[in-house]
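By written order: A, B and C. Residues from 1 in each chain.
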Amino acid sequence: MTPVPTARKIDTGKQRQARIVGGLLIALAVLVLFVFAPDAPGAATFRLSRPTDPWVVPNLVIPAGPFTYAIAALLAFLGVRQFLRGGVRWTSISLGFGLALLVAAFLVWATTGKAFSLTGMLQATVVRAVPIALGGLAGVLSERVAVVNIAIEGMLLAGAFAGALAGSVLGGVGGLFAAVAIGGLFGFILAALVVTYRMDQIIAGVVINLFVLGLTSYVSSQVFQEYRHLNNAPVFRSIKIPLLGDIPVIGPVFFNQNLFVYGAVIMVLVATYYLFYTRTGLRARAVGEHPKAADTLGINVYRVRYINVTLAGMVAGFGGAWFTLGSVGRFDEGMTGGRGYIGLAAMIFGRWHPVGALMAALVFGFADSLQQKLALLQTPIPSEFLAMAPYIATIIVVAGLIGRARAPAADGEAYVKE
Amino acid sequence: MTNETTDRVVKAKLIGRTDFEDMILVPVIAVVAALLLGALTMLLTNVDLATIVRSYVALAVGSFGSLNALSETLTAATPLVLAGLGLALGFRAGLFNIGAEGQILMGGMAAVIFGFSFAGLPSAILLPLSLLAGVLGGALYASIAGWLRATTGAHEVILTIMLNSIAYRLVDFMLSMPAIQKAGRADPISKPVPEAAELPRLLTWIDPNLRVHAGVFLMLAAVIVVYWVLFKSKLGFEFRASGKNPEAARFAGMRSGLIIVSAMAAAGGLAGLAGANQVLGVLGRATPGFSAGIGFTAISVALLGRSHPVGVLIAGLLFGALEAGGRQMQVDAGVSIDLISIIQALIIVFIAAPLLVRAIFPWGFRKAAGSRE
Amino acid sequence: MDVELRGITKRFGEVVANADVNLTIRAGEVLGLLGENGAGKSTLMNVLSGLYRPDEGEILIDGKPVAFDGPGDAIRAGIGMVHQHFMLVPVFSVAENVVLGVEPTGKFDFLDLKTARRQVREINQKYGLEVDPDAKIETLPVGVQQRVEIIKVLFRSADVLILDEPTAVLTPQEVLEFFEIVKALRDAGKALVFITHKLNEILEIADRISVIRAGRIVGEGDPKKLNRKELAEMMVGRPVSFDVIKAPYAPGRDILEVKDVTILRDNDEIAVDHVSLSVKSGEIVGIAGVQGNGQSALIEALTGLRRVASGAVLYLGDDITHASVRARHKMGVAHIPEDRHRAGMIADFTVAENMVLDTYYDERFSSGPQINWKAVNARTAEFTHDFDIRTPSVFAQAGHLSGGNQQKLVVARELSRETKLVVAGQPTRGLDVGSIEYIHQRLVEARDTGDGVLIVSSELDEILALSDRILVMFKGRIVAEFDATKGTVDKGAIGLAMAGVAA
């Protein structure tokens, strides 16, 4: 027998990843089996529509036992398949599907013997995703031209503040315009600091956050305390889109929302078209990947950066207005509560793509609304851990444990002409 | 002419300031300009001129004008300097650690938990060990970011931002655990630190209200130790080498992964000490978000101090003075203390963008600039 | 289109990069611009391509003065530059790169990539270039990337093409193909400027030669009437000897043995594929090959910077396959890295700090955890004297030294240790002739005193001048070996091996 030449098989990182994911899925199956398996037979009831809706859909009643076992089996199957076959192409799809299954099992377990409104939670998910998605989009716009945007948090806060102040004086639409303008102003300031004055991008972002927090807190304690009518803006109500809004489940979730939800979706779509299908977008991305090359071709690197970072600020300003004009109509100190950082996370999670950022924002929004529901369902799982989920997920992504995201090549670097 | 030479010429043009300008003139201008802009902010928010003058007088009196003011300034400065030293150490090693806030929280929690868990020990043992627990808590938490950075190359800025957010939630969670939560309380608050674990107050023999405590000595000792580490020790040489040029450091046989982890751990340890200093010297217990933004202000302190231990000490004292004076300002002139945050942020804008200072105040630099061209 | 540069002067602070340069570029002609590294060639061409603004002088196109406010103006005037470091966006496709800045668009600013692809194909056909418009740049070999750069310039209907050190990254075979493209462009009526420091190439391709030295044009001439020696003297400003004087070849024991070693790149691709080689005491082994064929990975593995996936590395008979960088330093391995600026020194550190960058831990320089700076400074003062490093003091910032002195600093540090093996990657890339001579001399000295020396270089002339034995690396394997101690080696055979054509 002639010796078979040894195959040049190298344990590639992707196969390793596939196996990690496989192991993870199997671990999830075990988790579901042992933690979420019901002690006694029961059923979870999910309400899908309200009695007042035009078409009432019957409640979704899921028998807890069989459902949980089915999910555990499915997870195990996915995991084993992933582990043995090392299907590189299916790694992220399997993982996403696996996580969705886990969430489903968790929901059924938490709801067993009780009932709650699934539609309501999905609606809340979409609403809560809005500032995160817009923050993420602001990050995408500026990082695509290689300006790291830590200042999203500050821009959101500035937008919220301006929306409340101008909204109280000029009405909702005026407030919205002011929010966008102030957001844009801080985008412009960030651009000026890092492009013209070559300040470190991270320092600039941190400083803008500190500055906005200080300024808005100062004004709200110095002025709003005394003149309360300056902090009492109208709120944009939900607009139901005819017909589409009457579809069960989907209608209330997607087509009966306020201006900010529609605005976020439109902005994401427009930004996608802009970045990937237009001449200006091509140039912007070139500036983010290889500014010197863009410069040698006559593209004004500085101007492109100014414009895009200012646009990013405007998007974040609009997102900031959600906090005041889109929900409570009143500004409170530090009311964005770190949403900007989750937006940053959504940007990374969404791999610097507007649609990706939106999807990530929906996932994070779901975690957020789930966290609120946990208290209602009285589960023994502390809500703090769900609140941490977006951050932990981001760490996992940037550490490249499950697929690595690739930032624009020149991200964070100042471009010095001549 | 090669690109290298061009690069060097360009760089010399940008950063070739004289030491005097860099170290003294820019910081002084930054502070003065920030105070002026602070006054402008007050004017714009309908504060009359007399009140503005009164508030700045209060700021000065409240920070240096009396024994109590000095005591308050030192009390506020201590955690800023400690955490700022940690950040400076990280900056020197090329690590942009934004995570001091989280490290302060973790260090503080560790110190509190250790303190009340071993309440029976004598002070001479319990206090140092509680402080050590704080150092370790911060160091371990920072090491997570360092370790991920070293093994996976993930950027420490993103990692530490995320770890900050996680730390807030983790503290909330811990404070609701029966083993930590104060007995009989429904709100999240920890058991108190036993007296034996408290940092002793120094001047209560003059006036029982003087809050300055033994943390001041920790601060001064830390300045000396960090100076020695950075400029006299082998470890510091490795930190600085990998900070300035990680590639060359690696080629010279320095172990970059180890350096990253140890630099992060050292930075986290100092931040953790700052957290321990707060809970053992000032607060006496842990509450949600007790770090109160010190970790972020410390970034400013490290930058203003040019990542030099002595600079950090001076910058920390200045920022401590602003905080202490700001409280006086709020009381005397009725101007919100949030104005101080604005002034601090503006100082850093001017410090970190010297080109901006030059653009606004060209006359201070004209002579030096002319001699170079 | 004819272009004339008149009295161009460009300064960077106190450094004068170009002084009163006059140059004429004519249609249908290849102008060879010859000069050493740092002579001011690139600055001059950056002035012409609108990237820099000249401090004095003017540019005339067809007799009319023009002023460029940026690269866009130069492009519109018909001047295109192919940069030494390609100006291509790696994640974009060929078509996207080509049209960037002058994109065909539809309604709503829509990027019309269909038209772009068609236009790229048209240029391909017209000039006989073969490039897939949909390929991503990062997947293309450098030779093809260079063609993309040329297409980019032609797409902007440039009449003047500036080629900055275009052959630096090409195999000898690719150079020949490239010369065909250059000739085709010239015959199509384009004016070309060919910038290089390589004498052979300029004699082969140029119709007219201008020589630049220290920012000034020091000579012009006809390649048919000039020879290598005259050109070299003109370029350097003094007589140059191309020969390196070495002691007779007297190899000793094996210093380094590499046995069946496989090394992976960061992305797990195989960089070095079952390679075996040895370096003996008293010999210089040169590894020839086009960049990117695994030489860098090999050097990194030999110096402990990269993991060896399989096989063994022996040093004086001991297995050092997994020894750390520092362990190897202590055993007497010196490493002069490829990119000394990036990997060899720290520009912001003082000369003294740089001098002990890899010996600070030694007991000569430190006690316990503390560094003895007095000893460091004293020792550095000795070295700067011995190695003729011109510095105002040992406390001067290394980055403020001249390029040549920075080189000497790195060489001094590495060779002043007790060494038995010297590993040098691209030892003279980017240096002027003076520094090249200095480094060659030091490497030969190391050999003559009994060290084993391993050199990796993509400059065939350098390999030929220094080596006792020559190995050729292609796609991670050693594909040929030549003995250079007996008579001259067939340069053509090496070139073929470098291109992967097995002998």
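Observations on the model:
Convention: a contact is a pair of C-beta atoms (placed from the backbone, for glycine too) under 8 Å apart; a residue touches a chain by one contact, two chains touch by 3 or more.
Chain-to-protein mapping (UniProt): A = Nucleoside ABC transporter membrane protein; B = Simple sugar transport system permease protein; C = Nucleoside ABC transporter ATP-binding protein.
Because the structure is a prediction, the values reported are computed rather than measured.
With centres defined by CA atoms alone, the chain at the far end from chain A is C. Highest inter-chain contact count (C-beta pairs) belongs to A-B.
Separating the CA-averaged centres of chain A and chain C is a span of 45 Å.
The distance from the centre of chain A to the centre of chain B, each centre being the mean of the chain's C-alpha atoms, comes to 31 Å.
Shared interface positions of chain C, defined as residues touching 2 or more other chains, are absent. Under the contact definition stated at the top, the residues of chain B that touch 2 or more other chains are 10. Residue positions 418 of chain A are each in touch with at least two other chains.
Residue ranges of chain A in contact with chain B, taken from their complex: 148, 150, 193, 196-200, 202-204, 206-211, 213-215, 217-219, 221-223, 338, 341-342, 344-345, 348, 382, 384-385, 387-388, 391-392, 394-395, 398-401, 416, 418. Partner chain B is touched in their complex by these residues of chain C: 12-13, 15, 17-18, 37-40, 42-43, 215, 303-305, 324-326, 328-329, 335, 337, 341-349, 353, 357-358, 360-361, 366, 369-371, 373, 399-400, 403, 430. On the side of chain B, the complex with chain A involves touching residues 10, 14, 41, 45-47, 96, 98, 148, 152-155, 157-159, 161-163, 165-166, 168-170, 172-173, 176, 296-297, 299-300, 303, 335-336, 338-342, 344-346, 348-349, 352-353, 355-356, 359.
By the touch criterion given at the top, residues 8, 10-13, 273, 277-283, 285-286, 289-290, 292-300, 409, 418 of chain A touch chain C in their complex. Residues of chain C touching chain A in their complex: 49, 51-52, 70-73, 75-76, 81, 83, 87-92, 96, 100-103, 105, 108-111, 152, 264, 267-270, 309.
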